[in-house]
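Structures incoming, each one as structure tokens.
Two complexes come next, and they have one chain in common, chain A, joined by chain B in the first and chain C in the second.
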Partner chain A sequence: MMVAPALSLLLVFLLLPSIYVGWLSFQASTYGQHARFVGWANYATIFADPVFWRALGNTLVLVQVVVYGELLLALLLALLLAAPLRGKALIIALLLAPYAITETSAMAMWRYMLEPDVGLINQALVGIGLGQIDWVTQRWTALTVAGLIAVWHHLPFSFLIIYSAVTTVPRELMEAAEIDGARPWQRFRHVTLWVIMPALLVAVLFRTIFAVRLFSEIWLLTGGGPARLTEVLSVYLYRETFKYHEFGVASATGSIMLLLSLLVALPYLWRLYYRLVRGA
Partner chain B sequence: MRWAGVALALLWSLGPILLVVGSSFKQARDIFATPPSLWFAPTLDNYRALWAGQPAFFHGLASSLVITIGATLLTLVVSCSAGYVYARHQGKLLQTSALMMLALRMLPPIIVIIPLFPAVNVLGLNDTHLLLVLLYAAFYVSIATWIMRAFIAALPRELEEAAEVDGAGMLRIITQVVLPLAVQGMVAVAIFVVVFAWNEFVFALVFTTTLAKTAPVSIAEMLSTVEGVQWGVVFAAATVQLVPVLAIVLLLQRYLVAGLTAGGVKE
Partner chain C sequence: MLTRRGILRAGAATTAMLAAPHIGRAAGKLSISCHAVHKKVITTGPGGDITEEWRKANGVEIEWLTFGVTAANERAFQEASLGEGHLDVTFLLDRFDGPQFATLFEDLGTWNAKTPIPDYAEFPQGMLDAHRFGSKQVGIPFRHATHGLHMNRTFMKERGIAGPPKTLDEAVADFRKLSFTRDGTKVYGLVFDMEDPSCAMDWVRAYGGDFITHDYKVVVDQPGAVKAMTTLHALFHEGVIPRNVVNMKTEDVITFMQQGRAAMTDQPFTRTFNYNDPKASKFPGQFEVTPLPLGVDGQPIPAKTSVWGMALPRNTSQKALAWSLVRHLSLPESTIRAAMNGNGPVRPSAYKDPRVIKSLPYAAQEAEALKHARLVVPGFANAAKAMDMFIEAMGAVLLDAKQPQAAMTELAARVRPLLPSA
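On to the complex of A and B.
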């Protein structure tokens, strides 16, 4: 009984709408019309749309760069802070600051630093003789900026997960390795890495799932432009819904995002299932 | 070496924030000074302009506050009761539903906009605080329940059994015996929801227009104006919006770690 409110919130706002999206992806649907079954036509439409493929490509590239770039930074940071350090609690608290910032303000900060002519970053580029870059009007530089902002914003999350794993590495194990003459790199590779591997996998899983949804970074930076070059899947879905009112096509896009996320999450859920349900 | 790395990491995390907070006290001519001015005569002009010119932003702050408090309270009530059941009762069906909760966290929320948008219009819930409260609670109820489950499972059962012998009902046992001992978990849940609800952008953008429009959406509108961005005013707005939640995160960060560990994020 007492789990009912929690489950019904999930049912009404997440589960039923998702199932409905799956159903709607096989219908032709727009405002003022009854949904009409069209089979795989919506999927055929998006698979024939070069903008969709570009959005999918952009999403996959961004996900890889964001997740692994962030993982590497988080790992370096965690190792850096693993040793005893004065004021460590304060340093960690300050490193978490970006987590508290809204996406829109984060965007304002970075756009300001990247402004042509007057922004800090372009000034610095000119200063070292590289010349300035008009970041947001070209496909790859705009995607780079979106990825950079995403990494800045979510690094605290990956860092916390990995850092708390690094602190569980048994001291005796490290000392034993040191006595056996293992160099720092060997100690990392053969001791630390093994202990923190589950945390690394969890960080990769969650960050991948969250990066697949990436929306605001692109929407607020370029709106998907110029000429829809920088769209990601969620921006493509948003446009199909609110600009073209093609709810069937939007649902097909949504179903693909859903499948992508579930595919990534499946091994993790499977493991939990064994531990929780089979073990119970 | 180590301190250089720490300094670099701090610059990366705090630099953009300090730049915005600092620039919010600069006059227009100082904001884009070349090279950037570290020393300048501070002014409150941007805050005055924000107050005079952007009433929608302050209305948005009030909306954000209402929605954040509502979503946090709802999530806490719902996840405490569910977390208690999951922590204290076994059974295949129950455990499967706990797992279902976590599985639902994996699906991209943006897809539910497609069916919810027309449904919400029919129900007259568009542009209401209530809708965002329900949505935000729905997005966080699974991690919140898992956090509460972990915290409650770690408590000794004896106290509850003693209360039961004294004839206390389930509701009294939870509110008077269990929850006072699980405050840490509740704080962790509250931080997650507060940070999310205070800052959320996509759903607020889709489901609010005027009455329930939140502060982040209002800042986004200031950024996408056609007359050219008034950076000073945007910085003042961003500063006002970020200070309370940044303070919460900095002061209560140890609960974040506890919550992440308990929330099924880590094994």
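On to the complex of A and C.
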């Protein structure tokens, strides 16, 4: 009975909308018309669209770059800042600052700084002879830039989780390992990593799910262009919903994204379950 | 004290309010959703507040809900889809409208038959057709945005260009001459946005091409459009058009022009106020706007136009009052006063009014451009998708991913199945 309110909320705000989206993905639906059952036609439309496959590829690449890039950076910073350090509070505050900036403002700022002719970053790069970052016409450059901005913006999330885990590593364990002759890398691998693994898995799990939905970084930087080359699944879904008003196709895209999130997150979920529930 | 009975009462009251949204609506209020520019040209400027007289006569206040272009149309469709909506009048742009949404709105032809708009026949048929699906008149035209060629006179003088280009060849030569570096700033000869095909269509039609004709034939794979793409590709690679044109939005074009980073653009005539704005522009008073030059066939290029219409959601509970306002805003005098406030007048006679001529320095040129103007695409259910495909194909051409002919042939093949007759 104690969990009934929480379960009710989950039912109303998550399960029922998910069932509705699943149902809608088998309908032809737009404003002003009754939904009409079309079977798997919406999925067939999506799978026949080359833009979808490109968006899927872009999404998968970005998820890997963003999640693991961010995790690695957050881990390094957490280990660095776990040691006694002057100005630690200020550094942590600076690290957390991007999270306080709204995505829209952040992207407007980056878009301006990366402007080919007058952007500060490109001007500086040209000044030192490295040439411009051609993110406006190059697909992979644009995606890399979007990925780096996503890492910059969401780093505080992973950092906080990992940093709090690193600070809980028992000092006695580390001292015992040191007395036993373990080198720094061995202490990290066999003590620290073991203790913080649940936190790492939680960070990876959440960031993976968020990264599959990555939208603002692409929409506000490139709009999915040029020539829809940098489109990701959430932008594809946005177009189907708000530009084409094809809610059946949009729901099918949403369902595919949900499935993709589950597939990508499944190994981490299993690992968490294995460690936490079965106590292995 | 919080009691179970109190919570139940509050819950019941909330449920009642949600179930009957009209209870929460103030009496004597009419809600309009539109773009910010509509509110501006209806209520602010030398023409004054056009609604004032109507509001006093009807004892009604107007609630303005203003949005960007996409959001204004989206909000209209969302509200009109509800059992009972909050909006009484909505403004729709032709290329967002479509036959599939016609059922959401009143047939204004019927309302006009009951209480006619004076001189209704003056509205150009093309503008009425932009919001007409089958026999249903979904919207009454209120504003048009027709493209002219904007140019920075300071740059033209510096580059030895005497006046606006008369022909397409002259225009292309001027774009090249006007690409230079000035005080360390790269100036581009031509800039336009690629949010949709509006700007590109001017140049496609300049070469005698088109995308989709008014009778729903795809002709983008014909020589005119291919030649236009070939020329734009050349200008892009010569640095006459900025490299980030592929990601440019209207706001970017305004910034480029105001900051002296571009010399010419094809945009709506009214945009000249932005370019010449002393508060925002580095070249106030230096921008001129003219109709587009003559095309390859020696005829005026059919400039792109778009038409905003006023529609009545079928679910409004104040239909008669809403029609009364639409009718008032469509009066010849209202059209003139809105034009004085910067609106693109949908009644051609407005351009001859001395007050409009005084308020709009480009009135004669815009009237001339309007005679030959065309919509970007005719209205059909998949218009938005087709336009996105055009931009995708054009981007592929500019970035060397595809040859112009191959890109346009592929585009035509993708678009044909989307057309109403297919």
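Of note:
Note that the second predicted complex is superposed on the first by the 241 of 280 C-alpha atoms of A that agree within 3 Å, B and C clash if a C-alpha of one lies under 4 Å from a C-alpha of the other, contacts with A are read in each partner's own complex, and residues count from 1 in each chain.
FYI, a contact is a pair of C-beta atoms (placed from the backbone, for glycine too) under 8 Å apart; a residue touches a chain by one contact, two chains touch by 3 or more.
The shown structure was predicted, so the numbers you read here are calculated from the model rather than taken from an experiment.
With both structures placed on the common chain, the touch criterion links A:P198 to chain B but leaves chain C unconnected.
With both structures placed on the common chain, the touch criterion links A:K243 to chain C but leaves chain B unconnected. In the superposed pair of complexes, A:P226 makes contact with chain C only, with no contact to chain B. Contact comparison for chain A: of chain B and chain C, B touches the greater number of residues.
Touch criterion met: A:F215 reaches chain B, while chain C stays clear of it.
Once the two complexes are overlaid on the shared chain, A:P84 sits clear of chain B and of chain C alike.
Of the two partner chains, neither chain B nor chain C is touched by A:G39. Common to the chain B and chain C interfaces on chain A are residues 115, 118, 242. Note for the complex: chain B touches chain A at residues 2, 5-6, 9-10, 12-14, 16-17, 19-20, 23, 32, 34-36, 77-79, 81-82, 84-86, 90-92, 94-104, 106-117, 134-135, 137-139, 141-142, 145, 170, 195, 198-202, 206, 215-217, 219-220, 223-224, 231, 234-235, 238, 241-242, 245-246, 248-250, 253, 256-257, 260-261, 264-267. Contact residues on chain A toward chain C in their complex (touch as defined above): 30-33, 51, 115-118, 134, 136-137, 222-223, 225-229, 239, 242-245. Within the complex, the chain C residues that touch chain A are 70, 74, 77-78, 80-81, 100-104, 185-186, 194-195, 242-244, 246-247, 249, 261, 382, 384-385, 388, 391-396, 398-399, 401. Those residues of chain A that touch chain B in the complex are listed here as 2-3, 5-7, 9-10, 12-15, 17-18, 20-21, 24, 76-77, 80-81, 83, 85, 91-113, 115, 118, 120, 123, 152, 155-157, 160-161, 164-165, 198-199, 202, 206, 209, 212-213, 215-216, 220, 234, 237-238, 241-242, 247, 250-251, 254-255, 257-258, 261-262, 264-265, 269, 272-273, 276-277, 280.
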